[in-house]
Each structure stands twice: as structure tokens, then as C-alpha cells.
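The same subunit A turns up in both complexes below, where it pairs with subunit B and then with subunit C.
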Partner chain A sequence: MTPQTEMLDKFAAERDTRKARRFDRHTVSAVVVFALCVLLILASRLVSPSLGSFQQVLTVMTLASFLVVLSFGQGLVILTGGLDLSLPALITLGGVLTTTWIGNGPGAWYLLPAVLAVCGGVGLATAIGIVWLKVPPFIMTMATSIIVASAALGLTNGTPRGASPEILLLLMKGSYLGVPAPVYFLVVFAVAGWIVQSRTVLGRYLYALGTNREAAQIAGVPVTLVSILPYVVSAVCAGFVGMMLVGYANGATLRMGDNYLLPSIAAVVIGGSSILGGSGNFAGTVGGAILLTTVGTVIAAIGLEQGLRTIIEGAIILVALLLLREELFERLRGLSAKVKSAG
Partner chain B sequence: MKHSRLMLGAALVAATFGLGAATTPVQAQDGKKFKIYLSLSYSGNAWQSEAANIVKALAATPPYNEMVELTEVISGTDPQGQISAYESMIEAGADGIVSFPISSTALNRTIRRGCDAGVLFFMYDATVTQPCVYNISYITSGFGENTAQALVNELGGKGKIFLSRGVPGNSVDKRHTDGALSVFQKYPGIEVAAEYYSYWDDRTTQQETAKALVAHPDVDGIWAQAGEYGAIQALLDKGGKLVPMTGENSNGFRLALADPAMQEKGLRGVSAGSPPAQSGYAFKLMMEILTKKRTLEPSNIEYPLPWVPADSVKVCEGETFENGCNAFPDGVVPSSFVTEVLDPVLLPELSIQSALNGTPVEGATIQPLPEEVKIGANEPGINCQDCEPPADLYRLTKIEPTVQP
Partner chain C sequence: MTGPAISRPYRMARFQPRKLLASGAGVVFVLYVVLYAIYAALQPSALSSGTFTNLVNNSVPLAIAAAGETLVVLSRGFDLSVAGVISLTNVVMAVYPQQGPGGAVLSLLLCLAIGGAVGIVNGWLVAVLRLQAIAATLATMIVCQGLALLILDAPGGMVADWVSYELTDRLFGVVPVSGLFALAVALAWLFFKRTNLGIGLYAVGADEQAAALSGIPVRRVRFAAFVGAGMIYGLAGFMLSAQTATGNPNAGTPFLMLAFAAVALGGTSLSGGRGGLIGSILGAATLMLLQKVLFSGGVSSFYTGIFQGVVLVVAIVFGSAFASLTGRRTAA
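Right, the complex of A and B next:
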């Protein structure tokens, strides 16, 4: 027997024939996260009899729509190994520009793309700092955040004026067939986002870049362009969340984005993406965003002290993360294999 | 020997400081300006900017425009930032500091140092427990208990209610909530179904109320601190009825209270709470002391509680509070604008433009404040240390119970 055939035999013996492998682990993560959401909503009946209803699902989906859009951008940035801390400031910028230019001034709905373009421009500036000036993403996005937030403060003298344009009220307050419009929007956005991230060339490039920059470059990925794009997309998404919040609450404030930074990162990570980049899937992120919001609504209904509530909220998030760990799946799989061979 | 030299040095330093403090007003009259600092902890909501803007407007109104050099410092939400800001102001030879303090206790040591150096401290809205400052605040005026009684009256003494609170751990939030609970607990028919923190913000209030409504769609009333307009929005989002509620002074809430369409849906209640006008009152009091027009020892001074039930809402036609009006038309100001920033008696110099942009009103001059100041009650941990609160701390001042427990 030659060494080559020996080797080939060895490979053949080690070839993976397990069926479970056909589902990649990110799909499993996404399914598990959604299952957790359903479980939590059903279990919440124990907290209050009014919970666990379809109405609750609709409320959760409406409140989660902000986080889903935001964590799409954040997810792309994280996918390439970065982190975007400027999202709250850009939410505020999007909201403030929307109410000052359109809700209050002579402008009409067609200025909405202009607002998004300004946000995109800020994202571009951030990306230039990161890609060409080699400022670490953490620092660069923090700097952007401070500058943009201060600019919004200066621009408005502290009091953002104006109300929401009609079109945003339709998007956030409308209701068709008994289902709030933001729920439809969430579904469409989730599907579109999943396609962009998992089924397009751009998406593949992002994964390649996040996994191994040098290898991606050698493989012909336009590294500079692909490094810049996530920050622009992320900024545009944040600007759009600002608009959604304006429609939801019919006005802007300077602190409207403050509560969204950490949840945007948590949604991505709970959804099964690696915080170090290179792996993940948007379906999981959507599940993560919905799970976080579900936890929020259920916790809100528990009549406990705020401190205890926050502890429970943290514990649930931690348990969800631990449940989703890769090793756990491997171990379960190993366990079932052992059971089979024993039987 | 060494000791006595040290003592001499200390005495000299003290003398210099003392002399400095004593001669400042005289210097000011010689053409040198009073160095006044406006120290904010954070900025970014309508309330904070309005309060800061009216101080700027007053400092630019004659004759103060010739007498005051005003510097604004925003130091962020942590006490350390404000401590170092105060330190720098004291070093720079401030005559007075008008400030929204971030903590009622953390700044005390620095403030003491400033008082010893002859700096006047005027705190507005939030207070500190250091006895050498002037606390100008509505906090002793009974917002919590009075609004709670108003809600109980509207509900006929029974029903499921939400408490939409402020910032967890904040002494102001605790004072209001304790006051409110002192009333609610008297009525066994009142059930607090949900209690959540809304951070005095419209959007957070809206989202937190939406969450609470999922579990308790049959709520009968809402007791809210600032951010109350968000609670109305959350109820409207559900598409159903509105309920009686009490809240603070946002323009949106006042207009809603007076709106027949909203009343039709079940909205009733009262608008009360924290007025940004406190900052202007604090600044004017400080200037009267600096210019020796008034003598007043450091004390807790109570700012009157605004109290506007639905039938008292009156929309202003101009840009000031005239003829008893107390809200502005939709479109003139955003819904989150806090209306109680003007006052026809205490701050007649100002208009809505002053509140929005910090600009003085053309032709206006500073008018003297009423002679009387109202001393506020002791509130341990809020405006005094190691002090006893009066036995009737939570007594009702604005409303009588119409239902008995």
C-alpha cells in the first residue's frame, strides 16, 4: 500500500457523514433564538394573564423594529471586525434633521433621502478615518459620536423643533388588517437584510474580509471599498432609525438614541455572530433583537424592584448567550452519537 | 517657630481671600464685570436647554449685560465632571455659580471650598445638602402628593394605575414617588399595576408605557413624572380610550388636556411639576445679592408649584405668558417644550424666544423680584443633612380629597 492511498483511506474514514452538519450552526442559532422568544412569550402568561397574546407579539415586533434596522448596520461593521459606537449620535442626527428640515420647514418628503445622505456622509468620513488614517474603529466612531452629538446640540440650541412628516407617521403609526405597519416593515427589512448579507457578492466579501484580511485581498476582494461600506450602511441605518423614532413619537429629542448602543451590539452577538468578526447571519441578529425586546416587555410586567428586574434581564441575556454557544451544540451532537453507538 | 510662620501664612491667605470677596461688588461697580458661571451637568433635553437659555437671556438683558460676564460649562452626567468644573471656576475667581447639580451630596466638599473662597452658589431645581448654598427649588412644593390626590379624585378612589417614574436612584424621583405613595396607600381601592422608570423622557415613557399596557390593557389611570406626553402617545397607539393622568409641564400634555377630542376619549388630569423658570429666578436672586439690593442668608427657597388642571389650560396668543395663558399653540414649540419657563411676575423680561434661543427681549430691562421669598421645608438627604423633616411633609397644598378612602 502506498503512503498516498493510505492517506486517502484515512481521509475517507474521517469524512464527516453526520446529517446535522447540513445545517450550519448560524441557522441553528437563529432557530434557537426564535424558539426562545416564543417560549418566553408563552411563559409570560405566568407573569400576567394578559401576556402571551398575539397583541403582545405585535407590540414586541413594533418596538423591536428600531433595533432590527440598527443592528443590521452594526452587524455588518462587526462582521468586518469593527465596532460602531457612533450609532446613538447618528440616530439623533437623523431625527433632528428630519424634524427641522421637513417636519418644521418648507421641505417635503423627498428631502428624506437627503437626510440619509448626510448620515451616510458622516459614515463615510468615519470610514475614511478608519481605513486610510488607520484610527482604530473604537476610537474613530467614538470621536464621530462626540462631534455629531455636539453638532446636533449646536444646530438645535438644545430644543429640536418640528414634528414628524406625514409619510413617517404612515410608516410607524399605520395599521393594515389589524397589524401595525412597522411589523410588515420589520419582516420586509429582515428578509432584504438577510439576502444582502448571506446571498450577495458584497455579503461574501464582508465575510471574507472579516475572516482574514490578507487572504481576502489575495483572493481579489476590493478590500478598501468593502471596508468602507459597512460604516456608511451603518450610519444610514442609524439615520433611518432616527426617522422611525420621529414617526413613532412625533418629534425628536437630543437623547433619543442613547438607549440603543449596547442593545445593537447585544442583538448581533445573541444572534450568534462573533464579536471578533467573520461569522454570523442576519436572521440570528433579527432573532436577537426580538429576544431582547421580548425580555424587556416581560420584565416590565413583573412587579419587582427596578434593581431586581435589571438583574433578571441580565441573567436571561447571559443564559441565552450560553445556550447558543457552539460547544454546546457539539457536545449535544457528541452525546447523541454516543447514545447511538451504545445502542 | 515653624508653626507660627505657617499660621501667619495661613492668616495672610485667608485675609487676601476675605478681602477679595468683600471688594468684588465694588470692583464690579468700577466697571469690572461679575464673573458668573452657569454649570450644567448634562444638556440635551428641552428642560435643561430652556433653563440654561433663560439665564443667558437674562445676563444679556440691560443692565446686567454691562455687569455680567457669563460662562456656560456643561460637564456631563457624572459628579466627577462637575466637581472639577466647580474647582476650575473657584480657581478662576468666580463671583457666583448658578448650577443644576448632578448629585445632592457628591459635590458638597468642593462647594464648601468655594463658599470659603467667597463664591455664591445658587442651585436650581435639583438641590444639594451643603448648608452654605442657596437651593432654589420646587421640590418642597409637593408635586408627588398633590398630583396623586388629583388622580385619586379623578378615579373616584379606585382603579389600576401605572407609575411612570424618573431616573432610578435619583433623590428627586424618590421624593416625588414617596409623596405620591403617601396618598395612594391611603386608598385600598387603588392598585399600582406597573411601576417603570421613564428617565423623564418622552420617548422612553412612550415605550415603557407601551410595554406596561401589554400586561395591563385595562389600566384606569397614569401618574407620571416628566415625559408624560409619551404616555398619551402610547395609549393612542393602542387605539383605544385615554385615561385620567397627571404629568408635568410639557406643551403637548397641556394642549392634549385642553383638546375636546382627547377629553372625549377620556383624558382628564392636571399638569404640574418642575419649572425651568427656576434657573432664571435663581440667577436674578443671585444678582440682587451681588449688587447689594438684597440681603439673604443661604437657605432653601421654594419655587411655587405650577398647577394647571385641564379647565385652566389657556393657549397664549403672543410669545409671553400674558392674561393668564400657560401653553403655546401647536407648531410654535415642539410638544416636548416645557411651558413653565416664563413667569409674568418673577421673569417678566423673557419671551418664548429667550427660552428657545437664549436671546434677550428687545427693549426689556431687568425688573426687581418680589421682596418675599418662601423658605422651603427640610428634606433630609435632599436639601439638608442630619435634619428632621416636618411632620406634615406630605400635606396637600393644591387640592382637597373629594373621595374618602
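Right, the complex of A and C next:
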């Protein structure tokens, strides 16, 4: 018995230190990103007096809710070492099905889940291609994207019709105690997403899979199931974003998802996750999504021409990437160690 | 460990029919021929040189863009800036047209310079600063899109007449001029592949650590891949401008996914180290031919994407099954 307890102690000690270090780096990332958001909103007051108010914070949060939901799915896929390029097509599918199947007619309570189930089914098909047919995720999700986009085009004959169901209007346009409903939703979703990713067995399986597939398999992770799940979740999230957009704009278009693919990847990466998988956390991703949205609204408010706005957007992604480089953390750690030893 | 990774391109370079068939380029070539036969059956005019020239003209910008992307993919990277460079060079061609053959050369050099400059930035960010390639090139793509919008904020402008007429014409009434540009890229690749840099490209993509240990300047190879790719995108933008004869600040956007699709269809592994430019060129040609075949088969253009997606997946699955089959045979 004694050697076993000794071993356990040893393992426990090792695990603790590793966890503490990993937690540290990603918490720092998340804090940096959130701090940038706050700074940017405060600084925007200098540009225009109408900016930088609490009202603007609420607007940013409302607009960011789409990207937060979307990048949760994208983040899970990236965590396992993949990439989901099918999100814009699935947003459009979710939106188009919502307006054409349901519209403002009856039956929303069972048809809305049905729409999500269709999206989940598409995600499952994508995952099957990746897991069993061994098509690389990049290509498989791209193929899904091309197929779904063209199916949505054919289904609607090029012009989607119909309006939003009542319940989505309530979710997206409602306001309680002076705060828009999507802001509550964002907070609840962010907390729930963080718990799923960082505090559940499933989340730990995903990290294990993204870090080292063989090791995960040997350690008893149900590899097939855990590889499939992120794509299904990601597709359902995208379908749901489609619904949210329908509620927000009271209608669907065939291009409604187009502008969300690159931001969904950027939000995850800016939030400190590695695009190669196995690291990162959802708090950082939420920060990344809010930062990108803040940048978008501030730039839009300044009233620059489209070209300059686009350049600034690209430059900010670049600056965020440079600030969040791994080496920078190493240097900071070295600096703090120096300060400690000096003191 | 490092031996096979370096010697592979040498062996690939020699003509070996069985291996050629097993490589992605062979599979996609067969696919192209089959599709062309179907096209000819559906549309008797498919065999005329006019129709063929049209097809080549349509395919060349994508084929060249995909060829550039392949350089980066081979070194185990991703380059999203392809869309940005094509948009940027397209608007430059439309807003600052240079007349005559001399002007065309000047424009071409300008396009190559623009692409090369973007490639230098990408190479610096990825190879020197070690940023994640997807994220860094996403940023440069967005910046290029912004620059394109600054130069031309809505579709318009006119590409020089000489460029838009001569480069879409036929040589001796048979050979499509635009096809010669794709051919030139392919020939340059066949030469480049045997240089130290070309071999380094495969080695870095196959196993970066092993490549570094065997003395390959990994950083320089990565950097060169991005710069070369950027210049080739510039050429793709030049050819696209000849094709459309007008400018559009979003001209490059459709190329982003299709370029990767063509690379994958052409048998280049997206995890690096395996494949080649010629497969990508054929892959791009196949994707464009598929559109024509579907159109002449009476399929609504709405549904073209469904077929493109299915063909892409099927080609990948067959290609890898084929490769593992013949791989086992050569090993035995």
C-alpha cells in the first residue's frame, strides 16, 4: 500500500504544478484581452462624445453575442486540432430554415429544435467524413460549406422569404431592466460554455485529444465520440446564430453568415488559444469576440471610409497576435522572477 | 530519419508511370480526362479550340493562385493572403492601366512586386516572428482588402486593352495564350523542385525538426515559400484582370476556398511535405471544368456547389486510398 500512496502523491504533486502554470498563461491572455476592450471603449470617448457610454457597452455586448456563440463551437473544434469552415453556410441554413419553415406561424416550439437538429445532422455528416473517411477537417468542412451553401441557394431559389418567429424577436429585441435580452443570454452562455470547456470531464477529454491523440486513446478517452462531438456542437451553434440573426434582423438572407467565418477564428486565436489545438480557454475566446466587436463598432462610429476601416481591423488583429506571443509571456515570467530574486 | 524526406522529391522527379498515377496529380488528371469526355458528349462544340480556349481562360487565374498556395502548403503552412493579393493587384490593374505591350510588362512587374511585398510581410510574421500562419495571413489578407478598397471602392475601372485582348487570345489560332502562363509556372516549378530550396521545402513540410537537424535553413525556406507564393498570386491577379477586363475590390474573395480545394484535389497534403504544383493546377482546371459540365448537363447553377463538394471529398478519399495501396506495394 505504501509505495502506491507514494506514487499517487507524486502524481498529484506533478499534476497540480502543471495545471497551475497552464491556468496562469490563459488567465493572463483573457485578462489582457478584456483590459484592451475596456481601454478601447474608454479611448473611444476621445474620438466621439457619443461613444464610451454604458449604452455603447450594451450595444457592443448585444452585437458580440452572435460571435460568442459561434466561436464556442469553433473553439471546441480548434481545441481538438481541427478547423470548421462550414460555419457561414450553417448560419445561413439555420436562418433560411427558420424563416421558410416556421416564419411567424405556429409550432415554433417544436420546429426551432428541429432546425437545430438538421444543423446538428449536417455537423454529424461532416464529423463522419473526418473521423471515418479520414478526410482532413479543413477539406471536409470546406466541402460541407460548399454543399450546404448551394443547397440553401437551391432551396430558396435565390431569394429567402418569410419573417422571424415571435419568440426569436422576444429573445433578440426584448429588453429587461434596461438591459437588452441578448446581453443576459451572452453572460449565461459564456459562463455555461466556460464550465463545459474547463470544468467537465468532456472538456478535459477535448484537451487531451487536442494535445496528443494516441496518448488520449491509451488513457481511455472515448476518442471517436469525442472527435465527433465538437463538429456537431459547432454546427448547432452556427444554426442557433442563424436564428439569432433572424430574430435581430427579422428576416434571412443567403449571405447572412459570410462575415462570420474569419472573426470566429480570429476570436479564438486572439483569446490565446493555439490554432493547433490542445490549449486555450473559453474566457479568452469570449474576450476575443468582444474585442473584435468593440473594434468594429468604434471604427464604424469614427466614420472613416470602408478601406481604412478594413486596414485598421487587420492591423488590430496583427497587434493582438504580436502582443499575445508565447515568447512575450516567457519574457514577462523571466522579468517577474528577476524582480522576485532582487526583492 | 531524415534520409527519406529529402530523397523523396528526387525520386518523384524521375518519370515513373506507376508512381505518377499513384500521386495526386495522376488521379486528378484521369478525373479531368473523364470529365472532358462527358463534356464532349454533352456538348459537341467542346472539342473546338474556341471552347477550349474559353475554358482555359476561365481556369488559369485559379490554377495559378492554387499553384502559389501549394508552395506554402508544402512547407506545412496556410496562406489566406491569396484573396487579398488578387483583389489588390486587380484594382491596381484597373485603376492604373498601362497601354501596349511595354505597359503590360510594366503591369506584370508591378503585380509581382505587390505580391512579393505581401509575401515578405507574411514570411517575416510567420518564419521570423513565428506567428500562427493562418492568423497572421488572415490579418495581411484583411489589410490587402482594405488597400484594395482604398484604391477602388466599388467595382469599375478598365484594364488596358492590350492585356485584356492579347492574353485571352489564341497563339496560331490554337494555343490559348493564358494557358502558356500556367505552363510557365509549371515548368518553373519543375526546375525549382530540384534546387536546394525546393528540396528543403518538402523536408521542412515533412518534418521541421529533422530538416533543421540535417542542416536545412528552415527559416529561410519558410520565408522563401511565402515570398514565392505571394509573387505567384500577383501573377494570378494579373491573369484575372486580363480575363475580367475590369476591377473589383472583392475580386479575390471567391479564390480563398477554391484555391485550397484545388490544392487538396491535386493531391497535396494539407499537413505538408507531400504533393506538388502541377496537381494543384490540374485540380483547379477540374473544378472549373466541372462547372461547365454541370451547366451543359442542365443542372441548375444553384446546385453546382453540391457537386463540387462531393467531388472534392470523393477525390480525397480515393486519392488517399490509392496512395496507401501503392505505398504498400512499393514498400514490399
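Just a few scattered comments:
The rule is simple: the second predicted complex is superposed on the first by the 309 of 343 C-alpha atoms of A that agree within 3 Å, B and C clash if a C-alpha of one lies under 4 Å from a C-alpha of the other, contacts with A are read in each partner's own complex, and residues count from 1 in each chain.
Keep this in mind: a contact is a pair of C-beta atoms (placed from the backbone, for glycine too) under 8 Å apart; a residue touches a chain by one contact, two chains touch by 3 or more.
Note that the structure is predicted; figures quoted are calculated from it, not measured.
After superposition onto subunit A, partners subunit B and subunit C are found to clash with each other.
With both structures placed on the common chain, the touch criterion links A:Leu153 to subunit B and to subunit C. Within the superposed three-chain model, A:Asn212 lies out of touch with both subunit B and subunit C [touch as defined at top]. Of the two partner chains placed around the shared chain by superposition, subunit B and subunit C are both touched by A:Gln306.
Contacts of A:Met140 after superposition: subunit C is touched, whereas subunit B is not reached.
In the superposed pair of complexes, A:Leu321 makes contact with subunit C only, with no contact to subunit B.
Of the two partner chains placed around the shared chain by superposition, subunit C is the only one that A:Ser274 touches, whereas subunit B remains out of contact.
When both complexes are overlaid on chain A, the residue A:Thr200 reaches neither subunit B nor subunit C. Of the two partner chains placed by the overlay, neither subunit B nor subunit C lies in contact with A:Thr224. Taking the listed stretches 153-161, 171-179 or 225-233 of subunit C in turn, the superposition on chain A shows a clash with subunit B for 153-161 alone. Comparing the two interfaces of subunit A, the one with subunit B and the one with subunit C have residues 149, 153, 157-158, 306-307 in common.
Residue ranges on subunit C touching subunit A, taken from their complex, read 125, 129-132, 134-136, 138-143, 145-151, 153, 249, 257, 260-261, 264, 270-271, 300, 302-306, 308-310, 312-313, 316-317, 320. Contacts from subunit A toward subunit C in the complex involve residues 83, 85, 129, 133-136, 138-140, 142-147, 149-151, 153-154, 157-158, 262, 265-266, 269, 274-276, 305-315, 317-318, 321-322, 325, 327. On the subunit A side of its complex with subunit B, the touching residues are 47-48, 50-51, 53, 55-56, 59, 62-63, 99, 149, 153, 157-163, 173, 175, 245, 248-251, 253-256, 259, 296-297, 300-301, 303, 306-307. Put simply, subunit B touches subunit A in their complex at residues 43-46, 48-50, 52-53, 168, 193-197, 201-204, 206-208, 210-218, 230, 233, 237, 239, 331, 333-337, 356-358.
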